Amino acid sequence: MLTDSGFWFVQVLNSLQLSMLLFLLSVGLTVIFGLMNFVNLAHGSLYALGALFGYSIAQATGGMWLAYLLAPLCVMLVGAILYILIIDRMRKAGPMKQVLVTFGLIFVLLDIQRYLWGTDQLGVTSGIPFSGSFEIFGEIYPSYRLFIICVGLVVFAALFLLLEHTRLGAEVRAGVDDPETASCLGVNVERTFFVVFLIGSALAGLAGVVAMPAFSAEAGMGVSILVPTLVVVVVGGLGSLKGAFAGSLLIGTTLTFGQVIIPSFASMLMYALLVAVLLIRPSGLFPARG
Amino acid sequence: MLKVEGIHSYYGASHILHGVSLDVGEGEVVSLLGRNGAGKTTTLRSIIGLTPPKQGSILLKGEETSGQKPHAMARRGVSYMPETRGIFPSLSVYENLTLAEGRRPGPWTIPRVFEIFPRLEARRSNGGAQLSGGEQQMLAIARALLLNPDLLLLDEPTEGLAPIIVQDIEERLEAIKHEGMTILLVEQNFRFATNLADRVYVLGKGAIQWSGSTAEILADQAVQKTWLGV
Amino acid sequence: MKTRVKLGVAVAASLMLAGGQAMSKEYKVGVLLPFSGVYAGLGAHIENGFKLGLEHYGADLGSDTITMVRSDTEAKPAASLAKTKKMVLQDKVDVLVGVVSSAVLGGMRDFVHNSGTPLVVANAGNDHMTGEKCSPNIVRVSFSNSQINRPVGGWLAKQGVKTAYLMAPDYAAGHQMMEAFKKTFTEAGGTIVGEAYPPLQGTKDYGPYITAAKAAKPDAIYTFFAGGAAITFVKQYHDFGVKKDIPLYGAGFLTSAAYVHVQGEAADGTVAALHYVPAIDTPENKKFQDAYQAAHQKVGSEFAVAGYDAAHLIVQAIKKSGGDKDAFKAALSKAEFNGPRGPLRIDPATNNVVQNIYLFKNEFKDGKVVQTILDTIPDVQDAPNGCSM
Amino acid sequence: MRSLISFRPALAALTLITLLISWTNAEYFGMEILAEIAVLALLAMSLDLLAGYTGLVSLGHAALFGCGAYSFAVFTAIWGWPASLSMAAATLLTGLVSLVVGAVVTRVQGIFFIMITLAIGEMGYELVFKTRALGGDDGLAGIPRLDLSAIGVDLNDPGIFALTLILLVAVVYLLLLRLLGSPYGAVLTGLHDNAGRMRALGLPVQLYQTSIFAFSGALAGFAGTLSAQHTMFIAPQLLHWTTSGEVLVIAILGGLGTLVGPIIGAALITLLRHELSDLTDYWGLWLGLFLILVVMGGKNGVVGWLEAGWRFVARRGAQSKSTARRSNDAAG
């Protein structure tokens, strides 16, 4: 097994798949963190909402494609409501109160999910694209996992272009660097915050709906994914796309190969990695603000 | 152009400005002098809206603007260059400039600021963090001009710069002044300020202590000594 | 403000008119289930089953009535213990029923053991609770972890499976289930070629484990997963295309009636063992499923059956004991009846249920999963394992 | 201002009296609730030392609480040590563990501090969850309570146990009040307001932070030994980060950096939880909303609201007094 190159290649794909899922989740969170200095613990709940909306849309339309499109938009709408009601008012309240309010929000969103979708596991069994598998180096690999990897890479590329080569991107980076000066140059920093929060929410929703056919959807699925996502954000460094990408790859790889090599200590390894990174680089690997 | 009347501003709980009043006429260069902690920067921050005053009024071209957000002030034609210069390290020189460009119509464009500051053109794709202090200062001024402001607020443009660069900046600001730009300038450098300004306000303990023409303050040793320590 | 469900009220009222007022008694049942948290779904199934059971059998009590007091255990041991104490000492319930998580049962065990109030366990399968930690006050009507898996080892070996790879979540139940299988499988001449215990919580990505299991090239994979983990595991196992070379077997929670429809095609070909399958063809099961599906628009799961049989058990014991506390407890330990799962009885030596274990196959036909029983292993009884009452 | 300084101890006394009055009226379940409140109050006070006074928000505090509980359980239930010795040893051990952890975690700040404590706490949780010798996820039973029969106190009586815990809360409150009033306490508060300036003043900031982390950890461990004695059974849940989150909620809801706030928060959350979960299965929704509203109210938790109310009343009182005096003057 240890000398089988096909085996290791598949594990590399596995780790990429997990990394891309973590990336979709963490990138929104990290930019919100970096730009607004806002700690949103309810980000995982938006992931769950993406999966659940996706489930309902797929049930109604009989296929996943509309769900991929609409579920992130639905989550974005929820994000907009949260922003207007809560986030915007808590922006200057300091991290402690933000942690608390969004911790409360976890409870609220969880019960709303339970009320609307019930407590049973939900999932779609038909109309899933790429549901087959393909052969590579003598190993069979599920096409859908490759699809998740592609979605992650496409989102990374799109965000890279958006951030590095558009005016909105420049405004976001300026807002992360120095929001006061940016606003003095005519950048409506608050509107930029809002747009970034919406994009971040939509990406969490996208992660949820993309994961749903391969996993399943249930109220509360956002809580268990929250901690790995936070770990990625902190290891990568706050506010940077590069950090989110690197952090996702690092954590995804650690978890996957940890599971293969020392199965019972894989998650422990993730925490140890976080501690080690922070002791060597107290602001993570690639923080947006030096 | 600008009329500030009796503004009171706070930093958190501490009361910084105790009823500051001043005005700046169209095309005028007015300098705000005073020691460290006199409230000079807070006055500029109050005007631009970063530290909105709790009392008093700020009239821009006759319109009340107190409580407006900074980005709205920028669009109304007030450009603020902070003491820290505020160069964005993760943006290139060019991106730093594009951020301000095109928000208001006017004579200033990127090719034009490159004419005045050719050094910036040479470094256009460098990151903001890689510039020297003088280059950062030039970039900050250039960026402020690109908003095509009616009123330019400059906070200590000479701070921490070598004398030869101070000289350079003075010449360029002189040129900008001759184009008819209205400037409110905060300075520690007495000579620089008096070279450039038409009128002077002296700020101390959060209030205006003296005001008059540049010629008057140059003649008044007592004011210089009491409030500026020159 | 407790939710109280009064049953048999009409019967009671009619008997009262007939002059039986002095005879009627009210029994209080304390229902301890998770209504929030990760096990909320199971809590709902068991409660639904329990209510249906009271509906079907409550009338047997004549003028006596059963009142339900319910409490949310949140699947947290400390909170559950406080609520158990409240039910016993303050609400003065006659019998407790419920408990999904084994940790919660562990937390309550000593208190229940020392109190005079019996507990009917409707899920938590920890072997020790009817083994070395058994108690005359604790009767289990659901299953024990080893009971489900023990018969499978020999059965699988008989099907010609020589080597197996084990996989289960890394917690007590996962290990107990695998151990029970391992023992009988190796005794029947089988070999375990590898084992993996993924974390119970976390990202639920089984791809790496499945790839590793496949690389070990066993004849079969034997697993235990439940709930969301089971869905994910079965789907991923299917997606990796391993099933045609290495068939998937498991404790029946793997393809539980509660969620096998979510697994869909992925469940096809999986063979599993459990104490209950909706496909059981008996009048008792038909009555249960018809009523359950009419009320809840979904198939009654093994969890619902545990709740249903718990109600049956309690009613039967009340009827036999006529309200006497000790007689009631004795009646619980000696109960015997036919439920939806077939014949079951309580073993007085351990207070664990004795029941059939069904081996069933999942097949995906016309867009639906059909479960068919391959084999029935009758009267599976746990050894006392250090239990002395 | 003076009235405000004495306001908090007065509030603490009032809270304590309320707890004692409810003790005299409590039925069996009430005793359980009171004991639960007392344990949570101790734990939340220990977190308040860190988060409220020193500005170190830890999401790994539950792991230290669990460390105290588990080591007490191992000493008593497995090794058969007497409970009194075990309590001391478990508290000391948790203090030592906290000292080591504190030396590591205080090297990072802000959100990174929150995350590193979360990570270390979760490592502890995973370790306990996986260790069969500690009962793994099934937990550990058979934990005895302290035997005070020599002085005629039976802690196995739920009422006496609850009363003892309430009195312990009072004692710990007074001790912490003294600690915070000392020069050491003044340094801690300074660290909260401006760690950078304190560092510039040449203060060994990290040393102070580590020491308070260790002290707070030891107190959390002590609360853990009491929790183990209360339920006489422990499970890994105790160490999970969500437990830390709940304790943080208690401290912030009550009022961070007030010491009395955590006691009030513990009582409030415990009661709300039990009452709400009897009313509805969706109690999390209401608890969450309540939490959001209190925090968004902008005051420092319940204590903040009470203080604002007290100031208002005091000002109104002063005003009416001065008006009265003025009218008297006019009359005279």
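Quick notes on this one:
Residue numbering begins at 1 within each chain, and the chains themselves are lettered A, B, C and D in the order written.
Criterion: a contact is a pair of C-beta atoms (placed from the backbone, for glycine too) under 8 Å apart; a residue touches a chain by one contact, two chains touch by 3 or more.
Owing to the predicted nature of the structure, the values given are computational and were not obtained by experimental measurement.
Set side by side, the interfaces A-C and A-B show unequal numbers of C-beta pairs in contact, with more at A-C. With centres taken as mean C-alpha coordinates, the chain found closest to the middle of all protein C-alpha atoms is A. One simple way to say how far apart two chains are is to compare their mean CA positions; for chain A and chain C this gives 36 Å.
Centroids built from CA atoms put chain D at 51 Å from chain B.
Averaging C-alpha coordinates per chain places the centre of chain A 42 Å away from that of chain B. Each chain gets a centre from the mean of its Cα atoms; for chain C and chain D, those two points are 39 Å apart. Chain contacts: chain C has residues 36, 40, 170, 199 touching two or more partner chains.
Looking at chain A, residues 111, 114, 264, 267 sit in touch with two or more other chains.
Residue positions of chain B in touch with at least two other chains are not found. Working note: touching chain pairs come out as A-B, A-C, A-D, C-D.
Per the touch definition, chain A reaches chain B in the complex via residues 167, 170-171, 173-174, 176-178, 180-190, 288, 290. Within the complex formed with chain D, the chain A residues making contact are 33, 39, 86, 89-90, 93, 95-97, 99-101, 103-108, 110-112, 114-115, 223, 227, 230-231, 234, 238, 264, 267-268, 271-272, 274-275, 278-279, 282-284. Residue ranges of chain D in contact with chain A, taken from their complex: 51, 57, 104, 107-112, 114-116, 118-120, 122-123, 126-127, 130, 241-242, 245, 248-249, 252-253, 256, 282, 284-285, 287-292, 295-296, 298. The residues of chain D lying in touch with chain C in their complex are 27-29, 32-33, 36, 126, 129-130, 135-139, 141-142, 227, 231-238, 274, 277-279, 281-284.
Those residues of chain C that touch chain D in the shared complex are 1-2, 35-36, 40, 71-72, 74, 76-78, 81-82, 85-86, 89-90, 102-103, 106-107, 109-110, 126, 128, 170-172, 199-200.
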